[in-house]
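Next come two complexes built around chain A: one with chain B, the other with chain C.
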Partner chain A sequence: MRRGRNSGAFFTAPILITGVILTAVAVLTFFAPVFAPMDPNRVALSESLEPPSLRHLLGTDQTGRDIFSRLLYGGRTAVQNAVMVVGISIAAGIPIGLACGYYGGLLDALVMRCWDILLAFPSLLLGFLFVSAFGRGSVATVLALGIIYIPMISKLSRSLAMTEKSKVYVESAKSLGYSDFRIIFRHILPNCLATLLAELTLDVGYAIIGLASLSFLGLGVQPPTSDWGTMLQEGVALLRQNPLMSLSPGFAIVLTVISLNVFSDGIQAYLDIDQRKLPRFEACE
Partner chain B sequence: MEYFSYALRRLAAFIPTLLVVSAMIFFMLRLSGVDPISVMLGERQATTGVIEALRTQFHLNEPIAVQYLRWLLSALRGDFGVDYINRQNVGELILSRTPVTLGLVVLSNLMGTAAAVLFGVLAAIRRNTWVDQLISVFVLFLTAMPSFLTAILVLMASAKFFPFLSFTGAFDSFGEYAGRIFLPSVVLSFNMLALVTRIVRSGMIEQLKSHHITTARSKGLPGSVIIWKHAFRNASIPVLTIVSIFAGTTISGAVLVESVFSLPGLGGLLVNGIKDHNYPVVQAILLLLVVLFLLIGLLFDLIYARIDPRIRLFSNSARIETDLMKADLIKEGEYA
Partner chain C sequence: MRTVQIPYTMFSEDRRSSQGGLGGASEGAQRLNELCPPELECLLLDIQGLRVDLMTARGVGYAVRGVDLEVKPGEVLGVVGESGCGKSVMAKAIVRLHDAGRTRYSGRILFSGRDVFAMREKELEAFRGGETGMIFQDPQSALNPILPVGEQIAETLRVKRGFSWKQARQETCELLEAVEIFPAEARYAQYPFEMSGGMLQRVMIAMAVSCKPKLLIADEPTTALDVTIQAQILDLLRRLNRQLGMSILLITHNFGVVAEICDRVAVMYAGRVVECGGVVDVFDAPAHPYTQALLNCVPKSGGGKNVLRSIPGTLPDLYQKFDQCLFAERCPHAGDACGAGAPKREGRGEGHVVYCSL
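So, the complex of A and B:
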C-alpha cells in the first residue's frame, strides 16, 4: 500500500492512541445522558456501597447512586469546566499577549507588571482568593482559574509575537499598508497557532487537575452535582468500604491528563523540525 | 559590589510587590460582600448595642482603606488580630499550625530535588536505553497524578500493608511529628520530582555533548568526575530556577495533601476560614504563604546570580527566552 505524502509525520503511534482515548473521553462525557445507564442522582439506600455488578458497573456509593453514571456525568462537568477555563484564558490572554509583543513599550511594561503580581501567588492560593471573593461553586472556580491562566498564555503569545514581528512577512504586510489589527490577527496569529495549540492542549489537562483540586477541598463544584474532584473527595471517607468511589474518578483524571500530555508532546514533536519523523521516501515509478 | 547592587535591586523590587499583593488579598476578600458582623454572630441574635460594640472593637466603622492600613501595619509588627468566630489570636493560631506545613514544604523540596537529580542524571547517562524509557514513563505518570490522588493511593496502600502504622491526625512528640510528615512529604515531592527530572535530563544531555566534556574525557578523567564536576555543575543552573518556581506549587500542594492525611497544618485552617468567611485568618495565611513563596524566589535568585554572573549583567537581553521558559515551567507547575 502506498503511503500518503505526510502519513507518519503527524499521525505517529502516540498521537493516534491518545487521540482515540481523548475522543472516547470527549464523546462519553459529552453524551453522558445517552451512555449513562441511570440517573446519576438516583438515590437507592437499599443498594448502598455495592461492589461492581452488571447492574452497577462500578458499584454504588453510600446513598446507592450508580458510580459509573456519576463518573460519566462528573466527567462532563470536569471536561466542560476545564475547556471553559482555557477558553477564558484564550479570549483574554492571546489578544493581550500578541498586542504586548507587537507594540512593546509602555503597554507591554504595564501589562507584564500586572502579570508579575498575579504570578507572585502560588496558583492554587490565587484560586482560594478568587473563591473567597466570588463565593464557592463551579462558576467562581472556572472564572478564577480562567483568570489565573491568562498571564501564562499571554506571556507565551507575547514571546511568540516578539519573534514573529521581526520577520520579513510582517515587514511586507506593513509596507502594503495593512492595519496593525490585520497584521496581528491575520498574519502573526496564524503563525503562532501551532505552538499555542500544543500549549492549550496541555492547559486543558492542568485545568482538569486544578478544578479537581478545588472541588476536592469543597470549594469548587458543590454536591449533589457530580464532578470528578467532588467524587474523589466523597470517596476518601469511604475508602475502606468502596475504594472504587474515589479510584474511578482518579483513574479517569490520570488517563485524560496523560493523554493530553502525550498528545501535546506529539504536536510539539511534529512542530520541531529536528524531532519530526519524516515519512519514508518511496521510489517513484 | 556589582553583586551587592543586584541584591539591593532585587530587594527593592520585593517591597512594591508585597504592598500590591497584600492590598489585593485584603480588598478581594471584602469583595464577597459577607458582613463580618454576621460571621461573628453566626446564628445568634444581638441588639444594636452589641453590634455597634463589635463594629468599634474590630474597627469596622472606619473607611476600608484605613482598615487595610491598620491591618498591614500591625501585620508588619507580627500582630494579625483576632479571628471572627472563636476570637483567638490569629498569629498564635498560625504559629501552632506552621510546623506541619513548613516541614512538608521543606522536606518535599529537598527530597524531590535530590531524587530528581539522581534520576535525571541516570536517564541522561543511559540515554535511549530501557533505563531512560522506564524513568520517562514513571515521570509521565507522576506529572499527570494530582497530589491528592497520590496521597489517597499511598494511604490505601499503607492501610493494606502496614495496618499497624498510623500516618494521619495530630501528634505529640517530635518523633511522631517526623513520622507524620514523612509520607505526605514523599507524596508532595512527586510532582516536583517529575518536572525536575525532565529538566536535569535534558540539561545533562546537552552538557554531555559539549566540547569541554570531550576534553575532560580525552584527559582520562574518571567518569564520576566528568559527570558531577564538569557536566552537572553547568546543568544545575536551570534546575535552581525551576525549584524556586515550583516551590509555590508545593506550598499549595501542601494544603491538599494535609487535608487527605488530616494533618493539623495551615491548609485546613485556610480552607475552613474560606468556608466560614473568617477574614482575619484567611488574609493572614494567604499573606504569609505568598511571602514565603516570594522569599524562596528571592533566595534562589541571589544564589543564582552568585553562581552565574551573566544573570546580573544582562538582566534584559535574555528576557524573551527566560519568559518563554518560565511561562512553560510555571505551567508545568500549575497544578498541585
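So, the complex of A and C:
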C-alpha cells in the first residue's frame, strides 16, 4: 500500500496518554464554571478544613471553600497565564531571533548581548522589579516571565535560522529576488517550526512552574482569585490539618508539566522521520 | 524524443510582437531582433575585469581574478573549467549572491547597460528573478523541502509578476507542462522529496524562467543527474533558448555538454578566462595550452588504449595574488615570457581570444 508522507503513528502510547491528560486539563480548566460544583470563592466557615466527601471532592480549606472548584478555577488562571507568557516570548523572540540569525553582524551581536544580560537576571528578581513597577498581580508576573523567556526562544530561533540560511534553497530564493522578509518568514521559519513547536510546548510547562513559584511568593495572582501557585502557598501553613490543600494543586502542576514534556518529546519524535514510530511490516502488506 | 511546444500563453508578449513584421521568423529570432537590432552591436551581459575576493577563515581567497566575458542576446555561452576555478563564484557574482560582508567585488558587470554593482537593494531584487534566473547543481537541496513544488513556482509568479493565487496556479500548471512534467495538476501539490532529481531540475527551470528572464544562469545543471536525464535537461534548455530567445550562461565541467548546446565557450583556469571563442573554433583549434590539455583529457570512444589522461600538477594556491600566467607551472610550453607579467590578450580569428604570452 502506498502512503503519503504522513504514514507512521502520531498517536503512540505516550502521546495518547499525555494527550488525553492535557485535553482533560484544558477542558476542565477552561470550562471551569461548567465543571466546578460550586463557587470557588464561596466562604462557609462552618465547613472549614473538611476531608474529602461527595459534596467536597477534595475537601475544603480553612474558610470552607471547595478545593476541587478552586483547583479548576486556579488551573484556568495558571494555564492562561502560562500561555500568555509563551505568547509574549513567541511574539518578540522568534522574529528577533530569526532576523539576528539571518543578518548576523552588528544587529546580532547587540541583541545577543542584551539577551545575555537578561539571562543573567534571576527571574525572581525581575518579577520583584516588575511588581514594584506595575503593582502586584498577574499582569506584572506574566510580563516579567514573558520577557525572561524571550532570550531562550530567541537564541533557539537564531541558531535555527543560521543553519537554514546556509542551505541552497535560501540561496535559490535569493536568486529569484525575494525580499529578506519573505525569505525569513515564508521560507526559513516554516523549516524551523518543528523544533520550535517542541520547544514551545516545553516552555508552557516551565511557565506554569515559574508562575506558580512567583504566586507562591505572593507576587503573582492575588487572593481571592484562585491559582495553583497561590493555593500551594495557602496550604503550606495547614499541611497537617488538610494536606490536600497543597497536595492537589501540587499534583495538578506536576501532572500537567510532565504531560507537556512527554507530549513535546512525542511531537519531536514524530516530526523526525528517523525517530518516528512506523507500522510493522505485517500491518502494511 | 517527444518535444512539446511551449504554450503560447506563457509568453504572450512574443505572440503580440510576432503578429507584425517578420512572418516566417521563429519566435526566438524575433525576440532576438527585438532585443538586439542587427545594426547595433549590443550585449546582454558585459563583464569587465571582474574580480571576486572572498574573505574566509583561511585568509582572502582570490576566486575570480579579472574576468572579461560577454553574453549576447539569445546566445548560449558555456563556461568550462575544473573544480575550484571560479566558475560558480563568477556566476553568483552576476546577481551579487555572495554574502556582502565577506565578499569584495571589483570590475564591472553591465547587464543591458546597467551596472549590477551600483544597483540598490530594491533594484537588485527586481533584477534577480525578473531579468535573470538561476538554476543550481543539486535540485534536491535548491527547493524548499517543506513546500509543494507547484506552490514554489506559483510564489514566484505572485511575487514577481503580481499574479493572483488562481492565475498563478493556472500559469504554474502550464509551466510544468512546458517543462514536461505530467500530469501537472497532480504534480503541483507534490513535495520535493516525492520527485526524482531530473524532475526537480525541471521544476527549478520552470521556476527560474517563470518571469521570462533575459538570462538564465545554469550552474552545473546536469552534474547531479544521470546521463539520460542530462540529455533531456539540455534539450529543454536548448528549447527555451530557441523559442524564447533567452540567453543562457551554462557552467559545466563537461565538454560534451558544451558541444551539445553552446554557441560560444569560455575556458576558465584559476579564476581567469584563458580562452574564449565559438565552440567549433575552440574545439577544433584550441589555442591555449590549458584548453589543449583539457581537451586531451576528454576520453574518446574507440581511442585505442583505455588510458585516462590528466594534466600533471595541481591548481595554484588561490589564497595568493598572482600576476603572471597561473598555468605556467603545469604548462608543457612554458617559457621565460610566462613569468614576466599578465598573459597577453591575443585575437585568433573572429571572436576567438586567448590569453597566453607565448
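Keep in mind that, in the parts below, the second predicted complex is superposed on the first by the 267 of 285 C-alpha atoms of A that agree within 3 Å, B and C clash if a C-alpha of one lies under 4 Å from a C-alpha of the other, contacts with A are read in each partner's own complex, and residues count from 1 in each chain.
Assume contacts are C-beta pairs under 8 Å (C-beta built on N, C-alpha and C of every residue); 3 or more make two chains touch, one makes a residue touch a chain.
Please read all numbers here as calculations on a predicted model, not as lab measurements.
With chain A as the common reference for superposition, the partners chain B and chain C occupy compatible, non-clashing space.
Contacts of A:S123 after superposition: chain B is touched, whereas chain C is not reached. Contacts of A:N191 after superposition: chain C is touched, whereas chain B is not reached.
Contacts of A:S172 after superposition on the shared chain: chain C is touched, whereas chain B is not. Once the two complexes are overlaid on the shared chain, A:F10 sits clear of chain B and of chain C alike.
Contacts of A:R158 after superposition on the shared chain: chain B is touched, whereas chain C is not. Of the two partner chains, neither chain B nor chain C is touched by A:F30. Looking at the shared chain after the overlay, A:V131 reaches chain B, while chain C stays out of its contact range.
Figure note: vertex chain A, arms to chain B and chain C, all at CA centres after fitting on chain A; angle 100 degrees, rounded to a multiple of 10. Once the two complexes are overlaid on the shared chain, A:R182 sits against chain C while remaining clear of chain B. When the shared chain is aligned, chain C comes close enough to touch A:G105, but chain B does not. Greater residue coverage of chain A by touch, when chain B is weighed against chain C, goes to B. Following the chain A superposition, chain B and chain C show a smallest Cα-Cα distance of 10 angstrom. Within chain A, no residue touches chain B in one complex and chain C in the other.
Contact residues of chain A toward chain B in the complex are 116-117, 119-125, 128-136, 149, 152, 155-156, 158-159, 162-163, 199, 202-203, 205-206, 209-210, 212-213, 216-219, 232, 235-236, 239-240, 243, 246-247, 250, 253-254, 257-258, 261-262. Chain contact summary for the complex, chain A toward chain C: residues 5, 104-105, 167-169, 171-179, 182, 186-187, 190-191. Across the interface of their complex, chain A is touched by residues 17, 20-21, 24-25, 28-29, 31-32, 140-141, 143-146, 148-149, 152-153, 155-156, 159, 248-249, 251-253, 255-256, 259-260, 270-271, 274-275, 277, 282, 286, 289-290, 293-294, 320, 323-324, 326-328, 330-331, 333-336 of chain B.
Note for the complex: chain C touches chain A at residues 95, 97, 101, 124-130, 132-134, 136, 138, 141-147, 155-156, 159-160, 191, 193-194, 204, 207-208, 217.
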